[in-house]
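Heads up, the next two complexes both have chain A, just with different partners, chain B and then chain C.
Our next item is the complex of A and B:
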């Protein structure tokens, strides 16, 4: 069967047919793909369900890969995602999708096979941005971290006791890797192009705290410096890194943590609004085509998606957040098999967590929009605080270091566009919290090492954007 | 019916056995100003929101007697026993709780509770062995009380033989948490003060002893502790130890008793637990939702006016968070009056939420799981001899005073 193009067609029973014996194809068999599949079944979809994923493993969880897996407390092959329910799907694992024919509604697979669909979900996520110099990237001892296999290989090398680990990029991922290295007792150098770690995601004030945290844990932290080259020995093993300040480091292990690249190449030429910034979709997770028109049979969820959000000026947001992938997958799945009036918008408030150097960092909202920062509770010096970001007189984001419990409150402040600076009296208000300071984000036109939230303007397609890969 | 009667009805003993219809009535007004003074908050999301709201204080010194109307008998300005972290706000709360957590749980002592499992199982087995040859017990006096008391004594390093002493103090102090507006406040305050002073002196001596001769217990670790936050001052040690002793003493007894009572009222679930002790884990969560031992938190106050659910709670007012009512809120829990151990997403308020969430929860959970599983496994054909059973007076820490149970026999215990 085939639901009418334009999909809604609710009055004529086509939606009922779709729900009963339609064909739904999900490309990207990871967190978003799996949760969407489960939600489809939960919503009563009984048709055929195909999951296409280029990784050979069944869906697994990534956050532990830079934490417990590197420490060796959890094996890389033990982070398989728990299943919420049986999904009765056809799994095409180890198979990449290589193309999409929107008009004929077919996904092309590597090898040439074509899979027809009535509804398609794109959940291909992102991959680690590689070291820009291919020959250097190929040196033995140069790693990136995105997949379970990456983590297993890196773990083996860490366990073998390298002389020194070089982490290129001080974003969340780089900082977590450095933290794991220190916990393993390994000497580690972090090289960050910005003035401090985490500046791209949380700004300079918080970045300064992150810098002190790293140094207090014995990290050799070098900021405002870039890695300009990686040098191998005759056998092709990494032995040295060159920095922009003219110094060199003897290292046998380097982890490139320069952010992510969206997996959209397979959509090139398909006519979808897909590009380096992701696949644009509306709040109902329906993909835009290149003309900026919304499709009704192609949906998007997870790290690869970019969606306008009313709370953040309708700017398109890309979120590399676990919680977002789950929430967006659920909304997309619901909308795929629901009539127009029952569809829901994905209005998730961005929320992110990271564990590093014994501190539990969480954020809500979009810190990168913040102009000013107020330490509303606790103190920077104690590294236990709640920072609130203001944008044009309202609360736009919050970050906590070891103060997770208050985040709910600030999330509601963001949702209700509460005024900034917040005037209210709270527990644990310190002298720090009497007036806001500039949040001190680096110039947003500079590419960063990969904050996990990216604002990408107002155009759904953004084909014209010139992309500058971040360099170490 | 005037609203003023709500608070009185909650504390009225006549409603003790089944306060839930009262709460259902109360939830029609999520935040209700009682005529006597306090604001009663009865719906899940409002309670949850307030427990995570940094404008709400747990420190009674922020209460404004005028705005609060009724002030619960207070331990204010009691030099022998300064406020424990239960009644403090950050940063003092966080610092003391962190220091207390040091020898108790993660990240520094992640295995403490886990390592007590065998010992807890032995205590439970021993208590049930003691039922052999009988056909009737009082679950409270014969089991649900002695078990957690033995445990908290071992954990802290308090001599079990001193139990009659601190039992009397704990009872008196806990009764002061019962905000009965009709009780004779002056007389009660005097008794409470005496009990607090005596408990403080007792703890103080014990601490000195541990200072001289440390053991493996938690009190010794607290006395000699040397984490990043340093050591507790002597008076802080006394308050913390007293808090742990009382909290570990007057709550778990009700969880076990409420649990067994609920199981005996739901024989199908009791049978399932008998067949599969692993059911104890979700089952204890459901007991914490369905019959929470701590029914309400009567001691919060706003540091600034708070707008919530169409009501402005003024600074300094007394706020009561009725956890047991939030746990039965149909907007949060489908079919809330049904006891359903298979319930999904059971984020109940039984241990509170936010920064003051129960410190002892992992221990309390394990105790209740082991206790209920053992009772279900070993009692043959258990039945309630009195339903409803006689309840304690206390409206906050609610549970049966006695729970007479009859049975046909006791199955053999496991080999140790």
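Our next item is the complex of A and C:
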């Protein structure tokens, strides 16, 4: 019935038994969970498959929530993800996992039930970071955006015509929300703690372009400023926001876009290397335990995972990107039912897109590692360009504003560690592109909000060390 | 019909916007906007768009909707539009 621990158990037939009638449990029934389930079936897994998700809806797509849904062109409950195939799974939706017993290989559900597994995939993603003052966060008119229901609520309030929308945080999420507001003709103020929007993800040079883009579209953009308090009226409705520069804003709607918190609380005390920075796993998506030893039956994928990437100095990457969730889910699922020699590393080159103010922003690689930036094609002033990031003399990332056709070229440059600055004699360089400039990322020791890529060494100091009995 | 576009892969060729303009539109120079749910009357249009996409970025599913859980007999709120009891290899 259940597979042996270790190396997939090949040799003694236990992997074959696992593939035939083992039990695979996936916690987190969203993009990564669904794509992993489909891949498991594609790979020939015929055993029992259980998907546990705390949201009541079947897996749905989140990117439209800050775009088409806020604009009102797509209903929030109409982004259900298409399936690649039928998966013949048991769905436990609307049910949260509350604990994990690694030794007994059981997932505990809210309500006390336990679900046994032979292989477990953790795909619990992240949630919106709430406004830090609970009483202020509870004011009527204060929103976050992560779920379909968040989007439906926010859409209703936008459609009702607020006097002014305050967006707290100028990362991708905040910028997309501001863009939707402007497209709806609503007055919007963006307050960003850093010197420019998108600065945490793309650096100060590109951040400056994003700032001009926002202002050109009528956003009241306030940078190097923080929101210090939200004030309600007697009925508990938001009416004013206080800023660190001493000013106040009359607003009846505020969206908190301060990044995300990883959904790992349910793993506390389980013995897994899980904490506020996510669940650490090896390049094959196998989770580490608190001792730093890799498990062989617990896998991780998607926004909740932290994975070392050989191309980026083996740093642990946490990528809150749609494409990563899909690619990592596929690798994790493959490895869950494959013998050791057939396992694959997750070597996906980070990539994401964002649509805002009519501009298509796309990136490959890890811009936050960039020391220098070269505008290799186009020009910043036209807001149509390709920026290439260099790190220690090699190409480490690229970003395009409305120049997606260049991205593939630079992805290959990153894969092959091509020298920086890139030589590209066949293309005429504009004045912007004559020499690299500092990419101008904020000092990493200073707090910033929600960059979409964060790099960190693996150190379990933020966790309590709990020794679990040896498993056999 | 449910659909999703892998916008990392999308290169803005706009074939879809020509073939199924009610479902796909280009916003600005190259930002694609689409309706992730198209009704059956658009089926042919959308199928043509899927086939015409030079980078194969559009995933469309035609699996039946409003069917019971994938695996019958298991309680706790299956997806309202889940799939029928389908063994592996089906679909």
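By definition in this document, the second predicted complex is superposed on the first by the 454 of 472 C-alpha atoms of A that agree within 3 Å, B and C clash if a C-alpha of one lies under 4 Å from a C-alpha of the other, contacts with A are read in each partner's own complex, and residues count from 1 in each chain.
By our rule, contacts are C-beta pairs under 8 Å (C-beta built on N, C-alpha and C of every residue); 3 or more make two chains touch, one makes a residue touch a chain.
As the structure is a prediction and not an experimental result, all values here were calculated from the model.
In the superposition on chain A, A:378 contacts chain B only, with no contact to chain C.
In the superposed model, A:420 makes contact with neither chain B nor chain C. In the overlay built on the shared chain, the residue A:299 is in contact with neither chain B nor chain C.
Shared-chain residue A:391: touches no atom of chain B or chain C. Of the two partner chains placed by superposition, chain B and chain C are both touched by A:358. In the superposition on chain A, A:405 contacts both chain B and chain C. In the superposition on chain A, A:131 makes contact with neither chain B nor chain C. More residues of chain A are in touch with C than with the other of chain B and chain C. Judged by the touch definition given at the top, the superposed model places A:91 against chain C, while chain B stays out of reach.
Common to the chain B and chain C interfaces on chain A are residues 358, 384, 405.
Here chain C touches chain A in the complex through residues 1-4, 6-8, 10-12, 27-37, 59-61, 63, 69-71, 74, 76-91, going by the rule given at the top. Chain A contributes residues 41, 44-46, 56-59, 61, 63-64, 67-68, 73-74, 78-95, 322-323, 326, 351-353, 355, 358-360, 362, 384, 402, 404-405 to its touches with chain C in the complex. The part of chain B that touches chain A in the complex is made up of residues 48-49, 52-57, 89-91, 94, 107, 303-304, 354-355.
Residues 358, 376-378, 382, 384, 386, 405-409, 412, 424-428 of chain A are the ones touching chain B in the complex.
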